[in-house]
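First subunit A sits with subunit B, and in the next complex the same chain sits with subunit C.
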Partner chain A sequence: MSEILKAFWVGGFICLIGQLLIDKTKLTSGRILVLYVCIGAVLGSVGIYKIIADYAGAGATVPIIGFGHNLSKSVLKEVADKGFTGIFTGSLKAAAGGISATILFGFIAALVFNPKEK
Partner chain B sequence: MNKKIGNQTIKFASPPVIISAASIAGKKEGEGPLKKYFDVILSDNLKGEKSWEKAESKIVENTIKIAVYKAGLTIDDIDYIFGGDLLNQDTGSTFGVRNFRRPFFGLFGACSTMGEAMGLAAMAIDGGFAKNVIAGASSHFCASEKQFRFPLDMGNQRPQSSTWTITGDGTVVISNKGSGPRITHVTAGKIVDLGVKDANNMGAAMAPAACDTIVTHLKDTKRSPNYYDLIVTGDLGYVGHTLLKQLLAQEGIYINEEKITDCGIEIFNKTAQDTHSGGSGCACSAVTFCGYFYPKLKTGELKNILFIPTGALMSTTSSGQGESIPGIAHAIAIESRVK
Partner chain C sequence: MEFYKGDAEKYKRMVKNTEPKSPILFDCIKAFIVGGGICVVGQILTNNFIKTGYSSDDSALITNIIFILATAILTGLGLFSKIGRFSGAGTIVPITGFANSVVAPAIEFKKEGIVMGLGSKMFVVAGPVIVYGVLTSMAAGIIYYFWRFF
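Up next, the complex of A and B:
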């Protein structure tokens, strides 16, 4: 139960910052998205995001900022294993499952459903 | 005889008559305060089509049919169709009129298109180039979101300053004779760009253009704002409407609260419908005029209005390249009785 609460408040806090950026700044949501991925990558590469992810679990890994963390984490791992080429081959490895699943499920959903309004 | 007065205004010698008006509105618009004024309210914004874009063209086609029918004419009586929409290359209108086989001028004035279409249509009539002309504009919430922002399926959040693109089409038939309110003046707007870059706050980008057109119109016609029963802007929304009143005050023009309004404000119930700053899109001014204001002018409940559709002339490419949003506004003076 306490893990759910931790995931909820950390995940919610990350989204709250995003909502404030939408409401209080002129940043478009596309830019906020890219900003979040970059922040995640930077925080991940210096090891800060791992501490947050260990504490909050899915609350930290599911938001898009966790995707950035994932990219940097797997680059670091690939570089440790394979050296220089790991910079290029590493980033998408950890995300491969997520990206392929997105394409497949998106395709299936497009076959089954019609678009809807908000 | 010179029909141009002042800097930007045309005064018609024989003011063209708006003999009919038709409107089709989307589901959400049909749940708003103006629901009883539209000719048709869609139960499904896909309208049985396979895409939002196809649905929009179908709406265009049907609205024109209704407007022509109400005017007691057939489509072959129409000399020209002036129309436009927000989709790339004006496909909403083009595909909507392709079965009619009548001469067509495709226009792009973003959300000011209805003003542009009515102005040009009236000029064609008063110039003696046509007897019956159609002017219309359409937009579709889902198709616009997809083109200008993000596909709806992404479930993106909308900022408070953003407006809600109207789904629908408003079309008028303008004629050289008949009964109905007449277009007496047109003040074509010029582009005003004060450097606003926020595509989620188009009201602020368009308000300076609306102010410029109102000031120019009043100067050219030597009229006071009180001459009009109502000054109606297109889709400034709450944010832009407030800004417009401030800008007019800076120019020394004060208009009573009940004598100036905005179609984007009229069309939705802000709190109940969660539409943030109000309605927008080509269809916003078009359906509100055709459904709500036209009958009031026809019955004489409104003596005259200054109708000012407003447009934000950006594209996804220009926004992506960091360009600001140029605004435009065209003023159409419409009177229920001309002496």
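Up next, the complex of A and C:
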């Protein structure tokens, strides 16, 4: 059970910071996504985000920061395994599943649904 | 197209009108609870996939794919924007926000054509996210590559 509690407070806290950024700064939600992915990639590459992910589980992998963490995690792994070419093959390898799923479901949804009147 | 058109500003104004006392605190509580709740669902799903034999990385990926699918359906039905108006960053920061940023413009712009409408506008927000995420992680890869010579 405590595993779920950890996911709740860490995931919730990451969203709370995002809300503060929306309310306190002029950042739009798109910019916050970009900022979070970059923060995730930096924290991931220096090994800090792994500690958070080991602690919080889905609380760290579901927020978009986890996406950035995945990018840098797999770049470092590919560089360690293959050397120079890993710099180029690593990042999108980890993102492949999420991006492909988003494209597929986004495409199908766009065919099935029509824009709603506000 | 609730997501990428300066909706935060609209939302802020709306909240300011209805919640004059401490809107930021209220926003943060909502974002915390909804965002945390999404992660709890994610944790439960991930645990189940790990139990059925997937690695923890694959389990996290399948969990995210389920969230992306759910977001696509909710966005298509017009429900995601309603939830988002309440939860703010609580649904933007999790993978649901990324998925919504793709699905919402894809639906909105399909009238401009399947290729240059749907196909190009779907990445209006996700594009920069991928570009800067990849650049940042490649920078990390380059530094690590040279680091290993020392």
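Everything that follows uses one rule, which is that the second predicted complex is superposed on the first by the 116 of 118 C-alpha atoms of A that agree within 3 Å, B and C clash if a C-alpha of one lies under 4 Å from a C-alpha of the other, contacts with A are read in each partner's own complex, and residues count from 1 in each chain.
Just so we're on the same page, contacts are C-beta pairs under 8 Å (C-beta built on N, C-alpha and C of every residue); 3 or more make two chains touch, one makes a residue touch a chain.
Predicted model only: the values in this text are computed from it and were never measured.
By the touch criterion defined above, A:57 lies against subunit C but remains apart from subunit B after alignment on the C-alpha atoms of chain A. Once chain A of one complex is fitted onto chain A of the other, the partner contacts of A:79 are limited to subunit C, with no touch recorded for subunit B.
Of the two partner chains, both subunit B and subunit C are touched by A:28. Look at A:48: by the touch rule set out above, it reaches neither subunit B nor subunit C. Greater residue coverage of subunit A by touch, when subunit B is weighed against subunit C, goes to C. Shared-chain residue A:20: touches subunit C; no touch with subunit B.
Taken together, the two structures place residues 18-19, 22-23, 28-30, 114-116, 118 of subunit A in contact with subunit B in one case and with subunit C in the other.
Those residues of subunit A lying in contact with subunit C across their complex are 3-4, 7-24, 27-30, 32-34, 36-38, 40-42, 44-45, 56-59, 61-68, 71-72, 74-76, 78-80, 83-84, 86-88, 90-92, 95, 97-99, 101-103, 105-116, 118. Note for the complex: subunit C touches subunit A at residues 1-4, 6-9, 11-12, 23-24, 27-28, 30-40, 42-47, 60-61, 63-65, 67-69, 71-73, 75-78, 81, 88-90, 92-95, 97-99, 101-103, 106-108, 110-111, 118, 122, 124-126, 128-130, 132-134, 136-138, 140-145, 148.
Across the complex, subunit B is touched by residues 18-19, 22-23, 26, 28-30, 114-118 of subunit A. Note for the complex: subunit B touches subunit A at residues 27-28, 45-46, 51-52, 141-142, 150-153, 155-157, 159-160, 197-201.
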